Each structure stands twice: as C-alpha cells, then as structure tokens.
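My structure is below; once you've seen it, I'll send some questions.
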Amino acid sequence: MRKKTAAGTGLNSAAGHLVMVLMSIFCLFPVYWMVATSFRPTNAIFETSLWPTTMSLDNYVYALNAIPIVQMLVNTLVVSVVVTVIQLFTGLLAAYAFARWRFPLDKLVYTGVALTWLVPFQVVMIPNYLLVAQMGLLDSVVALILPHFASALAILLLAQSMRSFPKEVIEAARMDGARSWRILWEIMTPNLRGTIASLAILIFISTWNEYFWPLLLSRTPENSVIQIGIQMFMTAEGNQWGPLMAASTMASLPILLIYVILQRQVIQSFMKSGIR
Amino acid sequence: MTLSSRGATAPARRSGVWRVSPWLYLAPAILTLVVWIYWPLVDALRLSFYQWNMLPTSPQLFVGWENYQRIFALPKFWQALRNTGIYVLGLLPLSVLIPLAIAIYTHDLPARWRNIYRAIIFVPMIIAPVVAAAVWRWLLDPGYGMVNLMIEWFGFDPVKFLADPKVAIWTIIAITGWKLIGFSTLILSAANANINPSLIEAARMDGASKWEIIRDIRLPLLSSSVLFLVMMTILLGAQWSFTYINVLTGGGPLGATTNIYYLLWDFGFSTMSVGWGSASAVILFLGFGAIAFVLFRLIDRYSFHDN
Amino acid sequence: QAIPATIDQPVTITFYNYNLGSAGIGAEATRKLINEFMAANPNVTVEGVPYSSADASRIQADLAAGLPVDLVQTVFSDLDFAVTNFGAQALEDIIPAEELTAHFAGMHPNGLKLGVLNGKTYGLAYTFSTPVLFYNADLFRAAGLDPDQPPKTWAAVKEAALTIEEKTDAEGFAAGITGPSAGDWLFQGVIRSNGGEVISRDRTTLKFAEPEAVEAVAMLRDLYDAGVYDSLDIAAAMEGMAAGNFGMYLQTSAVQGVLVAGAENNFELRASTMPSFGDKPVRPNNSGSALTIHTTDPLKQRAAWELMKFLTSEHGYTIITSEIGYLPLRPAIVDDPQYLGDWIKAHPLVQPNLEQLDVLEPWDPMPGPNYRQIVKTMMDSVEMAVFGGADVQATLADAQANAQALMP
Amino acid sequence: MAELVLSHLKKSYDGKQVLHGVDVTLPDGHFVVIVGPSGCGKSTLLRMIAGLEDVTEGTISIGGIVMNDIDPADRGCAMVFQNYALYPHMTVRQNIAYPLRIAKVAQAERDRRVEEAAAILNLTEYLDRRPAQLSGGQRQRVAMGRAIVREPEVFLFDEPLSNLDALLRVQMRIEIKRLHKRLKATSIFVTHDQVEAMTLADTLIVMNGGRVEQIGSPAEVYRKPASVFVAGFMGAPAMNLIDASVDVDGLVALDIAPHLPVAEAQGVAKGTPLVLGMRPEAITLSFDSSRGLPATVDLVEELGGSRVAYCTVNGRELAVVLPPSDERYEGREVYLQFDRRAWHLFDRTTGTRLDNLVQPRASTRRLAEA
Amino acid sequence: MAELVLSHLKKSYDGKQVLHGVDVTLPDGHFVVIVGPSGCGKSTLLRMIAGLEDVTEGTISIGGIVMNDIDPADRGCAMVFQNYALYPHMTVRQNIAYPLRIAKVAQAERDRRVEEAAAILNLTEYLDRRPAQLSGGQRQRVAMGRAIVREPEVFLFDEPLSNLDALLRVQMRIEIKRLHKRLKATSIFVTHDQVEAMTLADTLIVMNGGRVEQIGSPAEVYRKPASVFVAGFMGAPAMNLIDASVDVDGLVALDIAPHLPVAEAQGVAKGTPLVLGMRPEAITLSFDSSRGLPATVDLVEELGGSRVAYCTVNGRELAVVLPPSDERYEGREVYLQFDRRAWHLFDRTTGTRLDNLVQPRASTRRLAEA
C-alpha cells in the first residue's frame, strides 16, 4: 500500500524550488542588469561585476539633460491612462451589445472585430498617419490616442465574461425597471471588476510600451513618449549604453512600481477574470 | 399607481428599440475599428494590385498580380516561411510548455511561494520590448556580456548569440519567450485553479498518482487554454519577435532570423512601394486568418465544460 | 519664378534631419546650428523634424499627407529616389549661378561631386565621412607588430590579423561592410578599390557579379575562411573594438567618438586609410548625407538655401566636424586656427580621413522605386558569399539577376 | 383589477413550438402554482408573463390591459428567480432599494419601504451585508424583499426554493404563504416539486409538454387527477398505475390479476385499454391469506411517521403506505386489499380520466375486498 | 472484514476544531447514513475516511488496518461526490473505466467490468456520451458506476443526490438502496435531507456541531431521539418542542398550559427546565370544546395524502397532521388532544433525552385526555 505523501514536501519539491529559483533569475536578471548598468559611470560601463563597483548618477543626469524625460513620462502616463479608460469604455459598450442581444449580422460583426487582431500594425500605419495629418493632429498626444479608441482584445474579453454573467441578474434588473444603459453601468460593470482590472493592466502595459506608432508620429521630443526617448539613445553610431539603461530604468520604473504595489491584486484579478 | 397609467407611460414597442440599441452600443468601437483598421485594410487590398509610391503627384499603375508574384518569388520567402515555423515551434515550449509546467507545479505550493514565483515571472511582461532588446543585446555580447562571461567561466567558448546563424534564431526566440512566460503562466494558472478540485479528488480516489492526475485530468482540462495559447503563439509569435529582430539582427545573419512577418515588412512596408506593402499585408492577413479559423475550430472542439 | 534675393517677410521651413532623432551630441550640435541660423535670420523659422535614416517613410508619408518638406538631410543612397519621387530640386535650377559659384568656392571638388546626379547638383554633402581602418596599437605591440606601420593592403590586413589572433586573445579584424544597417556604401568602396563597381556608370546595369567584384568578395571570403573575419552586427563589432577586443576595424569615421570613449584609459586607438588590393589604388567612397531642397515655394527656397549655405559654411563644417564627427568639405578650414586648426591637432585620428578626401568617390544610389530591395538583395548575397559558405561567383550572379529585374 | 388572462398563448423558439396554446384566467389575489416536469414550459410561460420573452401568438393581459408589448418593468410584475439573481456588488439594502432607486422614489420614502420589507422578512440585521455573506435562505428572502418593495400587482416565482436544502425549503414555503396572506397580490409560483405545489397553491396548474393538463385546487387535483400524467405526477410516493381493460363482461379487469374484475365500466367499449390508479395510501397490506391479492414485499422505506412497502404482484410493482411499526416485511408474502373508493380510471390511449364510469358492483366488490 | 472503526477522531483546520472526537464502529456491509445540518462536519468526516483530509487526532481503521497514513486509493474506498465529479473530457465508458485503467487492469477485463456496471445502472446506451450530454440523474449513475467497478469495500457518498430534482431524488434513492442490497459493501452516505436519511439507513448517525448526537436505526432515532436536536431535526413536519418544567408537585407542566400537568417526572428535581416533544402525527384536533387544549388554526397545508395544520396555543405554534378532508380549518378555534404515548421529554439545559422518566399518572392522564 502506498503511503500518503503530503503535497509540497521532500526532495521532489526541493528540486522544484531549484527550478523555480533558476526561472526567477532568468526573469529578473535582465531587469536587474538594466538597473545596475544605469548606475555605472561611463568608463565602467563594460564592467562585469554583478554589483556596480562605483555608483554614479551621471547617466541619469545626462539622460535627463539630453531629452525631456519627465515630460515624456507625463505624456506616456496621460496616453496610457486615457487609452486604458477609453478602450475599456468602448469595449464595455460593444461587449454588452454582443452579450446582451441577438441581432442581424451579430456573428459577422463579432468575427470582424476578432479579425482586427490579425491585422499587422504596419498595414494600417501609413494610412492612419495620413488621416492624423489631415486632422492636423501630427505631433500631438491626441494622435497617439485616437486609433486606440477600441481594441479587439478588450471587446472579445469583456464579451466573453459578460456572457458568463448570470442572465437572471440582468433579467431581475429589467424587471426592476432598469434600461440597458443602467444595466450595463450599474449591474454588469461593477461585477466584472476582475476582468476589467486585468484588462486594464494589459492595455496599460501595452500602451505604455508602444513603440512603432509613436515613432512614426513623434516630431518634437516634448510631444512624444518615453519609448521614443529610449530609442533616441540607440543610434547607428553605437548605443549610449549608460543613458540608455538610465532612460530604460526610468521608463520601466513607474510601471514596475505600480506592479510591485498592486502585484497581488494584478495576479488575483487575472485569476478571477475570464482570461483563460 | 394603477396599471393603466403604467401602460400609458410605457415606452414604445420594445421590438423597435431592440433593433437599434445593439448598434448604438457598438457604434464607438465599430467606428474606430472601421476608420483605423478596416478602411486601410480594404484600401490595401485594392492597392496591392497597383504600383504606386503613395505620392499624390504620382500615378497609380495597375499591375495585376505582379506584386504577389514578386513576393512569392523573393529568394528569402521560403526561408522566411521555414523560419516562421521554427519561431512557432521554438516559442511553443516557452509560451506554453514551461508556463504549463510552472502553473501546474506552483499550484501545489504554499500560497506564499506560489504568489512570489508568479509575481517574479510576470516581471518581463512589463518591460518594454525595445528595452528588453537592448538589455539582452548587452547580456549576450560575445565580448563583455554576462552570459558569455558565465559560459567562459565554465570553460566553454563564448557563443555568438546574435552573430552565429545557427544560434541567432534561438536567441530571438528565447528573448521573445522571456517576455511571454509570465503572461502564459498567469493564464494557465488561472485555468488550472479553476479546475474543479473534486475532479482531482475523484482521481486520487481512483488511485491516480500525481503524474497520472496531471496527464489524465489536468492536461485534458487545460487543453482549451493551451490551445488558445498555441493559437496566440502561431498567430502572433512572428509579430512578438518583430521588435527584437528589428533591433537586434535585422533578420540576419544570413537571413537566419528573418521570418515571414519581418521579411514582408522589410521588403514591403519599409520601402516606398505601396503595392508591395499592400500585397504583403493581404498575404499576412489571409494566411493568418486561415490559420486562425482552423485553430478556433480546434479550440471549440477541445473545450470541456466541467459541470 | 526666380527666388527672391532677400527674405523680407517671416517664413517657416521644415528641416528633416536624422540627427535630431537621437539623443546626444549630434542632435545638440544640429539644434545649435539651427538656433544660430535663426538668430542671424530673424525672418526665418526653422522647424527641425526628426526622422529615422533607416527608412524614409516619414518623408514619404508627410509628402503624401501634403505636409511641407522643405530641406532634407538625405542619405546619399536615397538621393536618386529623393530626386525622382520626393521632388529634390537641382540647385542649378533654383539658385542664381553666381551665388552657387560663390558658395562652392573653397569646397573640395570631390566633395561637390557627391551630390551630383545626372549632371546636376541636387545636394551638398553635409554630414559625411569615409571608411577608416581603426586599429588597436596595444594589440599590435602585443602581437609583435609595428603600430607605426599599419597594414595598407588587404593581404597585409590578413597577415596582421592572423598574427594578432595567434599571439593574443583578441580577434584580428572586423568590418562594417555587411550587416543589417550597413547598407552598401563600404562595399561599393571595396569593389571599386579592386577596379570593379556595383552599378554601371549610366546606372542601368548592375555589375556586382563581374569578375573584379567577385574577386573582391572572394578576398573577404578568404579572410573569413582564415578565421580572422567574422559576421558581426554593427553594434557588436563597434563595441568589441571599443572594448579592446579587436585588432583592426574598418568602418566609417563617424564611429570615432564611441571608439575614443572606449579606448580612453584602456588602449591606444589609431587609424589608417582603407586597405588596397595590392598595387591598385584605393578608391574609398563616402557615407552619410547631403542636404537637399524640396520646396517649390521661392521664398522658402531662399530660406532653405540660406540655411544650406550656413550649414555648409566654414563655421558650419567646423561645428559638424568638431562636434558631430563628420568631415569638412572645405579643406581650408582644417589648418585655419580660426576654425578647425586646434581641433585637428588634438584629434590626429581624423587625419587618414582627410587624406582620403583627395581620392573620394561618390556613393552611388540605386535607381528606381525598388532601390532598397536592390541594395538588400545585393548585400544579402554578399553576406551569403562571405560568411554563408556559398559559392561566391554563383551567389553573386544569381543575386545580380534577381536585382537587375528590380531595376527601373 | 390584477386579474391575469392568458389566451391562446403560444411560444416558439426558432420555429420549435414549446407552448401549444395556453388559456388560463387567474383571479386577482390568488396564489397560483404551476407545476410540471422539467422542460414542460413552466419557466417560458412565467417569463412571457413577466415580459422577458416575446409572445409568439396569443395575448397576455393583466388587469384588462394587453401586455404583449409592454416593457417588463411596466407590467406591475415582480419576479423572484431560482438562483436569487441578487446584485452581487450591492448590499442587501441596495438590492432591495434598487427598483425604488430606478423609479426615483425619494430617499426617505425609499428607506422607509426597505426597512419595512426587511422587517417583514426578518432581514433587518443583514441590511448592510453583501449577498455573498448570506446563507441560501437569507438570499432568497432578499430576493423576495426586492420584489415586495415594488408593491407589484403580480408576483412571479420561478422555482425560488429549489436551491435550498430540505429544511429551509419547508420554512421558506411557509413564509411565502404567510407573505401572500399579508400582501394579497396575485402570485404565480413555478415549481416541479409537488409538495411545494400542493401546499402553496390556491389554484394549481399542472403542465406537461407545453400544455395545461389540469387546473384546480390542490385537493381537487390530488383527488381527481384529470389524466394519467397528473395522477402519476402528483403525490409521493406516486400513485400506482396499473394497466387494465374492459373484459368481455363489460367489467374492468387488472392486467396483473385478470381473474379479479373490479368494477363495471359504463359507457366504455369492451376491450378498451385502461389504466387504473390507486394511491399507496389506499392499499392495505395484511398477512391474512384469505384477503386480497398475494404479493411479495421487496423493499420497505422507513419514513419515521410512516413506511412505504414496495411489493411485487405478478411482476408489477405496487407501493403501499404502512403505518409505523417494527414489523419486518421485507421478503415476506403478503396480501393486498384495495380501497375501491379511491380508484381512478383512465383511458390508456388518450390518458384522460374516465369519471363516474366506475360503478362498484356487488359481485366485484366482494371479490375485491375478499 | 471491512468493518470500519473511527476512534477519538478529531479534526482541526488552522487550529479551529471542527470534529470534536468521533467514536463509531460500523459493521461490515451496513448502510450507514450520516445526517446533520450544514457545517456540522459530515463531509469532513467522510473525507477523512476517504483519505482526502489528514487526521488531526485519533485513528481510522478499515478491516482492522489503521488507515491514517494510507493513500486514498489504497484504502479500498470509493467515493461519489455531490457534484458528480465526472471527468468532463472522458466518455461515460472512459469515466467508469478510469480507476481500472489506473490499476492496469487488462483491457478485456476492464471492458467486461464496465459493461457490467453499466448494465446494473442502465447506462449501457450512454456509454459513448460525454458527461455534458447527460441529465443529472444519468450523471449521478455514472459517478456510481465509477465507484462500483472498483469493487471497493467501502462506498462513500457525499450528498450524492442533492443536485437532483425531487422526483429524480426519490428514484435514485431507491436505486442506491437496491444496489447496496446487491453489492453488500459497507456504505457511508452523507446527507442533510432527513427523508433520505430515514429511508436509506440501516444505521443512522446524527451529527451536530462536530459531534455525534445519536447512532441507531432510523426507527430508533425517529421514535427515541436522544436529544432535543435530533428530535427537532428528524421528521417532517418537525416535532413540536414545547418548554415545560417540573412543578412543585413533581409533575411535568407545559409552559403554554401550566394548569395542565401532563406527567410525573421521576428522578428529576423540581423546577428543572424541560422540553417536551410531540410529533405532529401524535396530536389530534377536534371541534369538541370539551376535549383538549383550545387553539387557533393559522394555516393549513394541503399535502394530498394528508394536511398539516399550524395552530397557535398561547402564542406558541404547534403543527398537527390532519387526515385528508375538505373541512376548512383555517382561522377556526379548535381543541388539541395529545397522544401521551408519544411524548418525548428532554432536559432543557443539556438537551438530552430523559427516558423512562415520564410516567403517566391516572390524574394527569385524565387531564391530558380530557
């Protein structure tokens, strides 16, 4: 007869922990290296000690002087927050339509939304640029936001979790006299917090990290975003490693901080969301 | 309050409202998607049959299927196609297998450890691709990169991670995977945590060992999530690696790291020919659309609803 | 509609400049020049627009969007396309001849040639440089070589590289001839130095699979086969050199800044001219960009021309050379203490670069709308022939046939 | 005033008809229970009344007004759902107040009505909890509270108790009945639990396969089931239904005991296949071999207050209710005696009740009770 | 052989004790039902026997072997879960065969046993379906099939029927009982439905708050509940429990009718607070004012075969079972008469039964039946 073996003990799990620790190093080390390098003085930049032997803020000073990093961070934050909010808003509206009603062509429209996911950005890049130019919005933060008013990811994900929301609760609200608008905002939305939170995180991260569209649009550093700032330290004549890492650290820091603070909620909301 | 007064204040026929309201709710999203994605896409379909440099002053020259023919005749087309396959196959362990193992393994860990590991693994996800590319480039440098110093410390020759044609593609795959592991792990952990615990208990009662439970119960029940990630990997894997290829290798050395997506971008979008670019776009869209269709069918088939 | 002689009303021009797209000295020097110009010409507002030299889609998109594109820092390889599609104007067509003559006085004739296409001057060389063989004098010494006698021919390069590899831990030789962001400029110089060329003088036929070219490529292949030359991306090679891990490095003089910074307190960095094929003359060509005027508005043309003149003046080149690291097109300022005199003395490395001005040839742009694909096809095949173990002749011939089909 | 009239009500989903024409008039203030097996269309009917489903054909009128096209909120109906359908993110107070908030009832008035409803339902101390913090019975009461505050003219209940455990179900059943006495609103209660149906209904509607099988008071339905279906459906343990036929002599004979003609069938053609129903309470069991039909006891279920014996007679199983005792019956030979006053006779082909057709005859009576 | 002995079994979760020492010996082949209200520890106990929960203190032995540290699979137990716990990705056949596959039973033998189990459970025609394509009852049978094929020595059921509707529950109950007769394996069945408990058990274990309140046959438990809790828990409608006390004369007197001393309490100190229990079946109701306690009928529930009247006597509610009739009782004044043979007396402080202490006296008898 087999003896019971309690989960998570013994040699087996020690090996598992070892693997996980290695995995963690794999995931964290590059991030650590970025931060560590950003503090190395210029002449020690190719140094390979794990810990910078001499710490210096030169790279930060240089980076802050070379490009308007603070302004760029503010722009990035504004763009990310606004895009997140708007995309959630349009996503909620559209998802609600799909989840709530059957209407002619609904399947087709749904598929159409899903397919936009497959359209490579490069396809729409130039036409979008022309459109933005026609609107006179070049070199403006608004132009960074406009094409992101809606996304397939948000719509599909929200529609999926709305579909699994108990129909009876909606019907109860209908009986109580709520019209669709109220049902969406007073009944649906508060109950999709998990999905909305994790979706918001995904949208925020991907907007924060967006590169190609801002690259196409940016004309003056003051009106562009941090990823462009980072890219400005990478040139054909060689990368300016120190300032590049300093700028990268500054670009990652806010989002890293948010993550560290909200880490538990982030993971919880993913666990509870329909993202599976 | 009498019924008749209620009846009188009742809104007009519901059926009428029904027809408009979904469209009202959809309007902002659809408008956005049509303006910013579908209109350019449709235009691309048309332009893929023309030669044009996009300048208002130049004429649009109808060339029929020539743009398509040229793309298929590109010497690197088939290499890129094969590489795309390698990308997908190479990414699968990182975007699916390892996360699957981690999700299953960490599930049985004490909550504290579980959360710590999952939190750490998610970190690469929040690092910008450009930054990730720069940092990895640094770490992998044959001369002064940490990774190579480690390798030398173990007594091996340094590896030219980005310059050796045999290694470079795997390097790009590893970096792409590094960014993805956290996301996949989270998705699979969520799916795993949602497996009804009494199924696991039933299997334990049935005598299944830990491994048998994973093989017979967990994996089949995770199959729809796994397929979803496989689909994402196939459809978007090439896109995800784009930034790294662009920043780190430019498709080289010797075209070793190019993939269909990068190649078409390189020959299509980055040059001045709208026709080429559009034809490339159409090929990508249709090709991946077809794959998506098949995969969606598969996912439908392999989703099991437990109770 | 001749351009006005003076600017007596406010005018705004755009200046598409790829130095503005990165952080650091290049951008700062550019902004400084622009500001100085605006201070001197209060009626002109210059709007610097950054773009990426890797692809000119920003310019194309802006033209398509109907935005004003007035003055552009055009990479030489894009010059043909800039003329045929982006409406770059021949200076002879818009600027009074006497003004041109006056401004061209004192410019190196080889430098002036660089911006000439089909007999007309479309651009003035702005930020440009030549290929230079950097070498690590410390490694030379360690390998028992004489750092005062740098290799002058490819054969000598091979020999020195072999010695370095044998005697030290370092690699022998690296070059920026191939690679994703290399383009074909250095390659063009290598082929020419062996008496060949990549494209016929009338710019209708590709010739990179002709015997001279094949021979040159075979030579590079031989370096690779000998184990002294590896395929490295630009950054890896440059940083390797900067970190002291390479004996020799053939690359544009524009990377000098990075190398100097790396060499400081580390090793002695020196430079020599591009290697030759035996006795054949070295025929280096330039990298970099020219200034091209695109606007058709006479007033703006005047403003653009004024800016162009300012940037290519003695003062302009002084800043470009001393602060960005490119070459002055006006030889006189090199020794003039008012301009670069002191700086050149303090920076002897730039010397071989200056020497090569006398034999400089233009970087030929490929013609037609598919010019980038042509370059790509050619350079891919070169890479394949040198590093990929493929048969040199067959690979180049095959690529030439493919590329020829892309010619207009 | 709030009389509810359904006429020729039909419903199809994608062309598949699930309600085949329902005609019912429900008087104001009545407590009506709709009972029937799963899938027979109970919920569909209720939801049509509520306005949550479109009407395919026919009309629904409440208080004389045709409601077919009126919005659910404006029909004066309140509904209590099987799974409570509480708003998970709102407290009990907010849940109950929600319909009032929508109706823009003033805060003070709203509070008053919520407190009142909470008091009626013993929810006062839970008003600030969320649904997740409540037990099943409490949730059910909140759902009811939300219905009550609207002061609806018609209450609709869709199996509101089926998610509760047995004990709670009994409690809630009584509470609902009390509430109805107090509020006197017309109530329609859907269930497939026949105890619930019997105990709650003023009027019972038995449905089967999208049709109404019988409408009547619970006692009526129990005592005079209109069809074999109703007979088998209502009552636990279920009525014994035995095949029978009219023999050559015009007498009703059981197939399991053809020598035992039990009644005279008036007006029924000879050979007509019949079904005879006997409630388990209407059969008595004894060890006296001189009386009744011989049978074997297979299984006895102890119910505390009574026991149910499952006996086999000629291969056919009959349930018999026994009084409590310690007697061991299982496996023993017994004799069954039928109380002929409680016989039910049905046409086996149509399933309909054949009433007043069974006339006990002296001869048969003797036999049956022998 | 498969006798199951639990001794001093305790269980704590994070220091919070939920089982306070359970001592039970279950003979081989018995059908044991554990019944008790929600949260009393039934599932915990069952899962400890199964090996799915660790034992905090005490021992579990099956067939004489201490099982505390044995893997669940090797205890010879099979378990049927409340939510069926069928493997959704396997067909019925694969589900049932799974334990055999794990045990590496040869294909042919495996098939044979699966077919056999399917035949017993009437599942043969569903063998190739997936669980999602089955009804609740069918799923429950598959779960049972999976347990059967293992030929376990002990069957464990955790509320296996509570997800089924009322009708199916009755059917499945009977099927389980039949199956047990056939397989004769020791079975432990957890439920909080007392009808299920009564009808299924050979031995009934009533639990409350992590303790065993009573062990005995269903009839024993019903007729002689060992505590107030058991008395109130078993039986529907529930036993009427009325506060009483021993008066100055040593007589038991009801608080609601102090002038009506009903019995002599032997060996109980005067003034001791008591609880008197009377089953609703043991009370009779009449309109004859000369007999019994005056009461008002609040509500009558029609059950078809019987009716339950809820009456108020001095503010205290008593349930009374009435025979079927058309008589309208509601709101009327009636008189209640108690069958003194069915009185149950409990110590109000400890809740335990005071047996043999109630001796009807001539005088009291007269009064009570007066």
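When the chains are written out, they are named A, B, C, D and E in that same order, and each has its own residue count from 1.
Following the convention adopted for this analysis, a contact is a pair of C-beta atoms (placed from the backbone, for glycine too) under 8 Å apart; a residue touches a chain by one contact, two chains touch by 3 or more.
Just so we're on the same page, UniProt names per chain: A = sn-glycerol-3-phosphate transport system permease protein UgpE; B = Glycerol-3-phosphate ABC transporter permease; D, E = Glycerol-3-phosphate ABC transporter ATP-binding protein.
Small disclaimer: the values here were computed from a predicted structure and weren't measured.
Engineer: For subunit B and subunit D, which third chains touch each of them?
Structural biologist: For subunit B paired with subunit D, the chains in contact with each are A, E, in label order.
Engineer: What pair of chains is linked by the most C-beta contacts?
Structural biologist: Greatest number of C-beta pairs in contact occurs for A-B.
Engineer: As a test of understanding: of all chains, whose mean C-alpha position lies farthest from that of subunit E?
Structural biologist: C
Engineer: Compute the distance, rounded to whole Å, between the mean C-alpha positions of subunit B and subunit E.
Structural biologist: 56
Engineer: I'd like the Å distance between the centres of subunit B and subunit C, where a centre is the mean of that chain's Cα atoms.
Structural biologist: 39
Engineer: Just curious, how far off is subunit B from subunit A if you go by their C-alpha centres, in Å?
Structural biologist: The separation of the two C-alpha centroids amounts to 15 Å.
Engineer: Please report how many Å separate the Cα centroid of subunit C from that of subunit D, as a whole number.
Structural biologist: Using C-alpha averages as centres, the distance is 93 Å.
Engineer: Which parts of subunit E, given as residue numbers and ranges, touch two or more other chains?
Structural biologist: 51, 71-74, in rising order.
Engineer: Which residues does subunit A have that touch at least 2 chains other than itself?
Structural biologist: As it turns out, subunit A has residues touching two or more other chains at 46, 126, 234, 239.
Engineer: Return the residues of subunit C touching two or more other chains; collapse runs of consecutive numbers into ranges.
Structural biologist: Counting only residues that touch two or more other chains, subunit C contributes 54, 57, 61, 64, 66, 181, 235, 239, 243.
Engineer: With touch defined as at the start, can you tell me which subunit C residues reach subunit A in the complex?
Structural biologist: 21-24, 26-28, 49-50, 52-54, 57-58, 61-62, 64-67, 181, 234-235, 238-239, 242-243, 254-255, 257-258, 261-262, 264-265, 325
Engineer: Can you list the residues on subunit C that touch subunit B in the complex?
Structural biologist: 54-57, 60-61, 63-64, 66, 81, 85-87, 179-181, 230-233, 235-236, 239-240, 243, 245, 369-370, 372-373, 376-377, 380, 383-384, 387-388, 398-399, 402
Engineer: Under the definition above, what is the set of subunit B residues touching subunit A in their complex?
Structural biologist: Touch list, subunit B to subunit A: 18-19, 21-23, 25-26, 28-30, 32-33, 35-41, 43-44, 54, 98, 102, 105-106, 108-110, 113, 115, 117-132, 134-139, 144, 146, 149, 178, 181-182, 186-187, 189-191, 193-194, 225, 228, 235, 239, 243, 247, 261, 265, 268-269, 274, 277-278, 281, 284-285, 288-289, 292.
Engineer: Quick one: which bits of subunit D touch subunit E in the complex? Just the residue numbers, please.
Structural biologist: Result: residues 37-38, 162, 165-167, 170, 174, 177-178, 181, 192-195, 198-199, 201, 218-219, 222-223, 234-237, 279, 281, 299, 301-305, 310, 321, 324, 326 of subunit D touch subunit E.
Engineer: In their complex, what parts of subunit A are in touch with subunit C?
Structural biologist: 42-43, 46, 63, 66-67, 126, 129-130, 133-134, 138, 215-216, 218-219, 229, 232-240, 243
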